[in-house]
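Letters are used for the chains, namely A, B and C, taken in the order the chains are written, and counting of residues starts over at 1 for each.
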Amino acid sequence: MLLLSGIEMEEEKKDMIKKVSVLMMVVITMVMILAGCGSKEGYSIGISQFAVHGSLDNCREGFLAGLAEEGFVEGDNLTIEYVNAQADAGTAALTASNFVTKKVDLICAIATPSASTAYNATMNTNIPVVYTAVTDPVAAGLANEDKTSVGNVTGTSDVLAVEEQLGMIRRILPDAEKIGIIYNTSEANSVSAIADYKEKAGAYGFEIVESGVTAMSEVSLAAADLVNKVDCITNLTDNTVVSALQTVLDEANKKNIPVFGSEVEQVRAGCVASMGLEYYELGKQTGKMAAKILKGEVQASALEFEIITEPSLYVNTAAAEKIGLILADSFVESAYECFDEIVVE
Amino acid sequence: MLKLINISKNYNPGSVNEICLFQNFNFTVEDGAFVSVVGSNGSGKTSMLNLICGSIGTDYGSIMVNNEDITRQKGYIRHRRIGRVYQDPAKGTCPSMTILENMSLADNKGKPFHLGRGVSKGKIEDYKVLLRSLNLGLEDKMNIQVGSLSGGQRQALALLMASMTPIDFLILDEHTAALDPKTAERIMELTEYIVSEKHITTIMVTHNLRYAVEYGSRLVMMHEGKIILDESGEKKKLIQTGEIMDLFNKISVECGN
Amino acid sequence: MALILSVLEQGMIYGILALGVYITYKILDFPDLTVDGSFPFGAALSVRMIGEWGLPAVLTLPAAFFGGVLVGMCTGIIHVKLKVRDLLSGIVMMTGLYTINLWVAGTGYVPIFNKETIFDNEMVNSIVPSYLFQFKNVVIIFLITMAAKYLLDWYLRTKSGFLLRAVGDNDTLVTSLGVDKGLVKIVGLSIANGLVSLSGCLYAQQQRSFEISIGTGAVAIGLASVIIGTSLLRKITLIRVTSSVIIGSIIYKACIALAMYAGVSANAIKLITAVLFLIILVIGMDKKRR
């Protein structure tokens, strides 16, 4: 009761405070905008990353390394602002718009939604966008069918090495018939990847069993159900599923079913093997492209998007042991990198 | 003319909580009559009003208005020819709208609510005249939100709104029960004035035995879904409040209250 | 400058959404979660029309509005005829619309970068001189938002609009006036979701893409805008409620943009929004209790 009357008495005061703070915020904005109009030392790059998971983080680190190799070192002649959208499209859009306001020299966008929002925000500006980890730039509207760019935007694509992955699975499991894939139905990358898998699986004697989810919370149930129907599971570059990788591994391990990853971080985390991309290298490649643009050697619009053509074999013997899967020595030795323990972060 | 013919209504039939509201209940109201209905709580007074207005349906029987069978007619359609004032002053008006807007709404009862202007400029004077007849000074406050009026003022407005358009019946559901004695008197005088001016057939349910005796041309007392007293015209004028009170106490004692 | 333009654009687009939420939440007293589904519905319909069907962008506006009207009608029918509670009717629609929106758009992410939109088409580009291009968006959005606002203001002054205001206040009165209150509620829900869908249509064209998750939290943004607008601008009688709701939306977006500009992490922003929301709700509710 006392609290209520206290609130009522102070209501008028609170009202005033609210109005004053709004006014103050407007003033601060003006000041900051005016201040931001000054010139900066060196170059500035805004990194807009869509979600937190190993592959994307590797991209970012690779990107910075690639820039460093070309002479752009953070702290020296380069300021980096890094924002992670936490898988929220609205935040990604806001981030892009924010970078444009701050007049960065280049935006690095990691993953499709970040790339899309960055391209949209920079459309009427001179700021180039260099993306990475965008599985299908053509479908995302960032590139034409012939790989040429649609505007001041270019980058690298992490298109899956489907054929090589299928071949690898056949080598490891000569008798397997069904491969399960979990994916988020609303991620366009995943939808086109599934189509790709289905097209090519037949030639290797496999049948693809897919399980669609709409959110990370559904992965657990989907996995529990799928492991009863298939001989193994393989991953796409689906942000939702990769973020929930441990859940998938838990369910698969209960049935001693191997899970094959789409890149090295997943193998390190417990997937048996992968014919995958080294996201760090992909990031590095992207960093070098960005460096060329910053130096003024070439415009983003003139660069076609690049992909990594040679996938590498990664193997995790500890993961194989866990489910009682025996891998031939020659196979393990042929791997680009072999892990003998499961690292869960 | 209103006729309730052989109405039967049970709540929760066949269960432990079965309540028989009415059984073969008959009631007729002539045009121009002003009927006061009294009775103890649970006697069926308000249920009868709800039956007439269509808020509750009947199990058996029929309701006739001017020889038209409206038993199956939906509640909101019946309300086009009925004015109803509730006990709660808040139920008869819209608190967030102004007096003028409320009156414009009420004026449109029975007509389609289309995309024409909500408030007709030409009618504002007419509304002012109506408000003046209330003698509450509301004609000067037409742009004030109804929510800021007192209970009595709102009830007076509700009464006015209920009777603005041509209606077959005016249903008054204990409409003075929530008001202080002085305001209640004012409202009753207002009711008398409006009813006699417009010759509206009126059914008034009240707990106030004095009002029941003093106002109206017919007095009905209900008990357990039946009518136990029904006097009109000259005989009604002779009834004293004390007599009604005694009868009331008698049936209350029989019920063990 | 880019920041101010961005805030104004987003603020006004979501302002139209706020108008819709204002109708259901404040006027009808019906917390309508359909908004989380009808906002992306307008967006999905627009990208399908512009992208795959190649229709002129100006058609997306009425299409989105009437699409939203249909959606709102469904919510209304579920609530009135099937007697499902207000909150649950909205949840049912919002859930079903996820699938419908995916189906309408084609897939979970649809870009329309190289297509003509309502902001970027032959007619507009020929009228506006190129040095004013950065203002194109905000002017067009302003015109559409003002049109929506004035139409809504006009409607609320008609007989039908009066009924809408009455049904949220005192639905017994609506029945007493001889009108089916269920029908009035359905009309209200239809108009509200039509506006929300229109807002989604503009959003998709401004972002030049459709993403399935844009609807998540839309109703929260709408409510925040309505409450900020009505609480802060209540005392200023010159400003109509509909304008204050749009201004509330702009203020809300400004706060978020400022927070991000100042370097607040994306995670913290949601918490700050929640706290801001709570403070304003408490102040707003307190005034109501008087």
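As a working rule, a residue touches a chain if its C-beta (ideal position, glycine included) is under 8 Å from a C-beta of that chain, and two chains touch if they have at least 3 such contacts.
Model, not experiment: these values are computed from the prediction.
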Task: Topology of the chain contact graph, where touching chains are joined (line, ring, star, complete, other) - done: line
Task: Taking each chain's C-alpha mean as its centre, the one farthest from chain C - done: B
Open item on the list: Using the touch rule stated at the top, which two chains are linked by the largest number of C-beta contacts?
Closed with: A-C
Open item on the list: Measuring centre to centre with CA averages, how many angstrom lie between chain A and chain B?
Closed with: 70
Task: Cα-centroid distance, chain A relative to chain C, in whole angstrom - done: 31
Task: For chain B paired with chain C, centre-to-centre distance based on mean C-alpha positions, whole Å - done: 43
- [ ] Enumerate the residues of chain C that touch no fewer than two other chains.
- [x] none
Task: chain C-touching residues of chain A, taken from the complex the two chains share - done: 4, 7-8, 11, 14-15, 18-19, 22, 25-26, 28-29, 32-33, 83-86, 88-91, 93-95, 97-98, 100-102, 112-113, 116-117, 119-120, 123-125, 139-142, 150-151, 184-188, 191, 214
Open item on the list: Residue numbers of chain C touching chain A in their complex, please.
Closed with: 1-4, 6, 98, 102, 107-114, 133-134, 207-209, 211-214, 216-217, 231-232, 235, 251, 254-258, 260-262, 265-267, 269, 280, 282-283, 286-287, 290
Task: List of chain B residues in touch with chain C within their complex - done: 74-77, 79-80, 83-84, 86, 90-97, 101, 104-106, 108-110, 112-119, 162
Open item on the list: Which stretch or stretches of chain C touch chain B in the complex?
Closed with: 155, 157-163, 165-166, 169-170, 172-181
